[in-house]
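My questions all concern the structure below.
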Amino acid sequence: MGLNVYLSGEIHTDWREQIIDGAQGLDIIFSSPVTDHDASDDCGVAILGEEPNKYWHDHKGAMVNAIRTRKGIADADVVVVRFGDKYKQWNAAFDAGYAAALGKSIIVLHGPDHQHALKEVDAAALAVAEEPAQVVEILRYVLTGALPS
Amino acid sequence: MGLNVYLSGEIHTDWREQIIDGAQGLDIIFSSPVTDHDASDDCGVAILGEEPNKYWHDHKGAMVNAIRTRKGIADADVVVVRFGDKYKQWNAAFDAGYAAALGKSIIVLHGPDHQHALKEVDAAALAVAEEPAQVVEILRYVLTGALPS
Amino acid sequence: MGLNVYLSGEIHTDWREQIIDGAQGLDIIFSSPVTDHDASDDCGVAILGEEPNKYWHDHKGAMVNAIRTRKGIADADVVVVRFGDKYKQWNAAFDAGYAAALGKSIIVLHGPDHQHALKEVDAAALAVAEEPAQVVEILRYVLTGALPS
Amino acid sequence: MGLNVYLSGEIHTDWREQIIDGAQGLDIIFSSPVTDHDASDDCGVAILGEEPNKYWHDHKGAMVNAIRTRKGIADADVVVVRFGDKYKQWNAAFDAGYAAALGKSIIVLHGPDHQHALKEVDAAALAVAEEPAQVVEILRYVLTGALPS
Amino acid sequence: MGLNVYLSGEIHTDWREQIIDGAQGLDIIFSSPVTDHDASDDCGVAILGEEPNKYWHDHKGAMVNAIRTRKGIADADVVVVRFGDKYKQWNAAFDAGYAAALGKSIIVLHGPDHQHALKEVDAAALAVAEEPAQVVEILRYVLTGALPS
Amino acid sequence: MGLNVYLSGEIHTDWREQIIDGAQGLDIIFSSPVTDHDASDDCGVAILGEEPNKYWHDHKGAMVNAIRTRKGIADADVVVVRFGDKYKQWNAAFDAGYAAALGKSIIVLHGPDHQHALKEVDAAALAVAEEPAQVVEILRYVLTGALPS
Amino acid sequence: MGLNVYLSGEIHTDWREQIIDGAQGLDIIFSSPVTDHDASDDCGVAILGEEPNKYWHDHKGAMVNAIRTRKGIADADVVVVRFGDKYKQWNAAFDAGYAAALGKSIIVLHGPDHQHALKEVDAAALAVAEEPAQVVEILRYVLTGALPS
Amino acid sequence: MGLNVYLSGEIHTDWREQIIDGAQGLDIIFSSPVTDHDASDDCGVAILGEEPNKYWHDHKGAMVNAIRTRKGIADADVVVVRFGDKYKQWNAAFDAGYAAALGKSIIVLHGPDHQHALKEVDAAALAVAEEPAQVVEILRYVLTGALPS
């Protein structure tokens, strides 16, 4: 058994690298959104032409990014959704809902102070972790049956 | 043609009443989550037994609420998702993602200051409105072809 | 047995009225897109605000109209797609493809001069008619078994 | 992440070659309909026997071509639909509708003069490009995160 | 609980009437193909125009009949498929396969001499009956829990 | 909002009556398997003919009962699965798995001594209750927002 | 583009070998039911134990064969269904219906004398051929665009 | 043709090893739940933190195990469900129901004394075996057509 794992959500810390590094040796293919904030914001207008209105500027970018996001979630067995300390992060919650409706196995990753605000998201998950290392341990257990010693 | 419309999101203003009142005379069945904040938070433990741990308190409630939410979205032709000025509102974004994956027609309702943070949610919508009255006008147009005079 | 029938395509002649009139007495619920050309073009900006760029003007309208179109096709047992003599009518062909992928029974209605250009659309249909009266006869036969005398 | 991309629509210019050449080095599998116009028109009767009636001649060919078209779209992550300057091109719009109903990511490729006539098709797309090079840039960004410099 | 029951197959004996009569008082909506053999054979050309080639004559009729057949099976909870003593009855077996792939509950109705030839069809059924009265008893039991006395 | 609720599982106590009685006045349609143990065991052979082999005797009955069970679960918004104190009750767990794969909202009803053995079933549920009255309270809350006083 | 092709139906002539031989060099994976008539009839009892009743003998075999048949059809892009001159061949028509409901591309292969009896099956097909060589030519055209010279 | 086979159920005897050993040389990928009883029970709390309440201890573990179980069943062509002599084994019956609703081919493996209690589970299966060697023979026959000599 191998796994496709999509890493959704917060892009300002190195949690993805921690998970990917920790999972070395496991039969996992990881995918992610584009995590370069500026590229992600500007991809629509950079390729398809400028928009004077910021709403359409954002819209064109969000649509282009959706090509990658939808593919990543559609192919995933497991979707990890990370909520950080800052920003609204509505796209992370949107991805979680999208993944839930597709029946994906969801792991939510967030600190204890977000528990109440994320209760509906957590309720759709098969695991709620606080640290990237716990996500690695779940993936290792799922694939090999080995628990942390 | 009639419509089932689910009204998701913010529960601290009267936007649902504005839409339902405005839509009187149209062939629409509205549904909503439980909008009594305390009942929504405590339904799990009130019915199924106390939990000393706040996480499981929240979890039990979120699961019971999901029975209603899933039914509402599954039956809906149109899902209106409202983002207010306060709180994280991750459940609203989760509902939007859930509805999007099911192919529902989505109308997002929020003020202009949330445009950038909601760009991925808006990108999944067929309409982005700022006022409840606009949602009413969309529903009237969809059902009757009549535009605001 | 009753039928839901969606009438897609050309909006400049009275073919819808001919079918609806001819089918009186049959257990059919008809639905259609908004057939007022100006309302259909302008609904987005009339409700959601002006756009200086014609592309976004059109886009907002097409999105709002999609709420009705998707509902109509999703609920339909039979989708009738009419191609007239003028205009590109790409929306009609789009609806036909959309209906085909959903496994709807499709009846295409067009004159003989469009046969070659519509061969891929016709190939997805269960009937290809030239006159609205033939569509009525098909619907009557499907519901009652009666053939034209 | 790799992508399956189906290139639908106009067959009289070299836009497919431009995209395939431009995308060299990217992890993409392209597929297309048969683009030899005569073979595409005559495949049905050439293999399955002559038809004196042009309608059935066309029909047999369209059905055989559908084996390839359906497979191409069903396997695709991204469907690019190109509308050229000439002909009705209803098969392109049909493919777009078919892809939309299957939830595929759609990129529409057409010149600015078709914007109004294609507004319903564009409304189902995640990107609307005017040049094949823009399609290449989108695919590169989706796969690598790199924007044109 | 009520049931939609589609009665597929043989059209030369009164087995449908026996079932419908026997099931009076039960909450069942029955549907069937057009059982007038001549109308069923000729409906295509009678409505859509003559075909000199018998194959296309048959084809046009089969396509028009498919509008009714597909609707009947799609709406059914239970599909009863009757095989009589004569003819190839491939359409009955086709309907059984179609219903099986949709997950419908299938009751096959045939005499003992067809057991071996129908073993694949019977293997997809939840009941194999020899007499219309047994089908009635199954439907009564399913709806009311009452067994024949 | 109304609900279809299927009551699966144990047939030797009056838990179904308790729920149905308690839910009077709520907009709920309840359905259940045939709860007459003897009829349920013998329905196959009583209608379709005796079997000397007990395995086939059981098999014919289980298949006929499946017509009702599948319909009940397929139509349900909520599936309540009750595990009693006695017997293997594998059919109850089977129904729970079947409902889970269809995405139904599941309420499991069992005493505390079954918690460990039912942990996989409970993990697929939105609520785990010990008493029929709790199920009634959940259904009332879901439909009306009212909590027990 | 490669194809998975399932070869269903008649097992008494070498039509499968003709197609597989003719298609050498094409990127096709063929699959078929077990074509050893005796093994196919007896597999159930040979593995799972004798049945004195011929009906259950046949039933056990048909169920075991269904494991292979369902897998073959589920994985197929194209299902070829061959009807020979003899026997009822209801399993072939059943497979055609099953494949049609799954949206598979169907090629029917039969002689001209079966045209009327197979009109409903042919109506679900994208091609109706009389000779195995025509099936090969269709597959070659679909994969390469080359027509017979 | 190759097969993905998921081996669900009893974890206290070596039936999985018998099947995997017996099937050597066949094109089969086997998967299973974690069969280390202690690891399976404790995985949730070992990774995600202790729970004083045994119910939540079990719940966290069952949820983590569901990531593997769902993946295994979702990817499977054939699900083998083994019921042993001891314990409630409700998870096995749950897996069978889950697999049935997804349309998987099911083989149930149990001794003759469980026939009556498992009749609903057996009714959803394509084969009911008593010995692991019979499962191997079914898999060999399905893949190669060879029967035990």
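Should a chain be cited, it is by its letter among A, B, C, D, E, F, G and H, assigned in written order, with residues numbered from 1 in that chain.
Assume a residue touches a chain if its C-beta (ideal position, glycine included) is under 8 Å from a C-beta of that chain, and two chains touch if they have at least 3 such contacts.
In this text, all values refer to a predicted model and were calculated from it rather than measured experimentally.
K.L.:
Just going by residue numbers, which of C-D, B-C or E-G has an interface where over half the contact pairs are the same as at B-F?
P.N.:
Checked against B-F: the matching pair is B-C.
K.L.:
Over half shared or under half: which fits the residue numbers at the contact of copies chain C and chain D, same or different?
P.N.:
Interface between chain C and chain D is built from largely the same residues.
K.L.:
If you tally contacting C-beta pairs, which comes out ahead, A-B or B-C? Let me know.
P.N.:
By number of C-beta pairs in contact, A-B is the larger.
K.L.:
Express in whole angstrom the distance between the two chain centres, defined as the mean CA positions of chain A and chain E.
P.N.:
Here chain A and chain E have centroids separated by 49 Å.
K.L.:
Rounded to a whole Å, what is the gap between the Cα centroids of chain E and chain F?
P.N.:
31
K.L.:
Quick one: report the Å distance separating chain F from chain H, using the average Cα coordinate of each chain.
P.N.:
A distance of 23 Å separates the two centres.
K.L.:
Where in chain E do residues touch at least two different other chains?
P.N.:
Correct list: 63, 66, 103.
K.L.:
Over in the complex, which chain A residues touch chain H? Could you list them?
P.N.:
1, 3, 77-78, 103, 105, 107, 125-129, 134, 137-138, 141-143, 145-148
K.L.:
Along chain G, where are the residues that touch chain E in the complex?
P.N.:
54-55, 58-59, 61-63, 65-66, 69, 83, 87-102, 114-124
K.L.:
Could you list, by residue number, the parts of chain A that touch chain D in their complex?
P.N.:
Within the complex, chain A contacts chain D at residues 31, 34-36, 39, 42-44, 46-48, 60, 63-64, 66-68, 70-72, 75.
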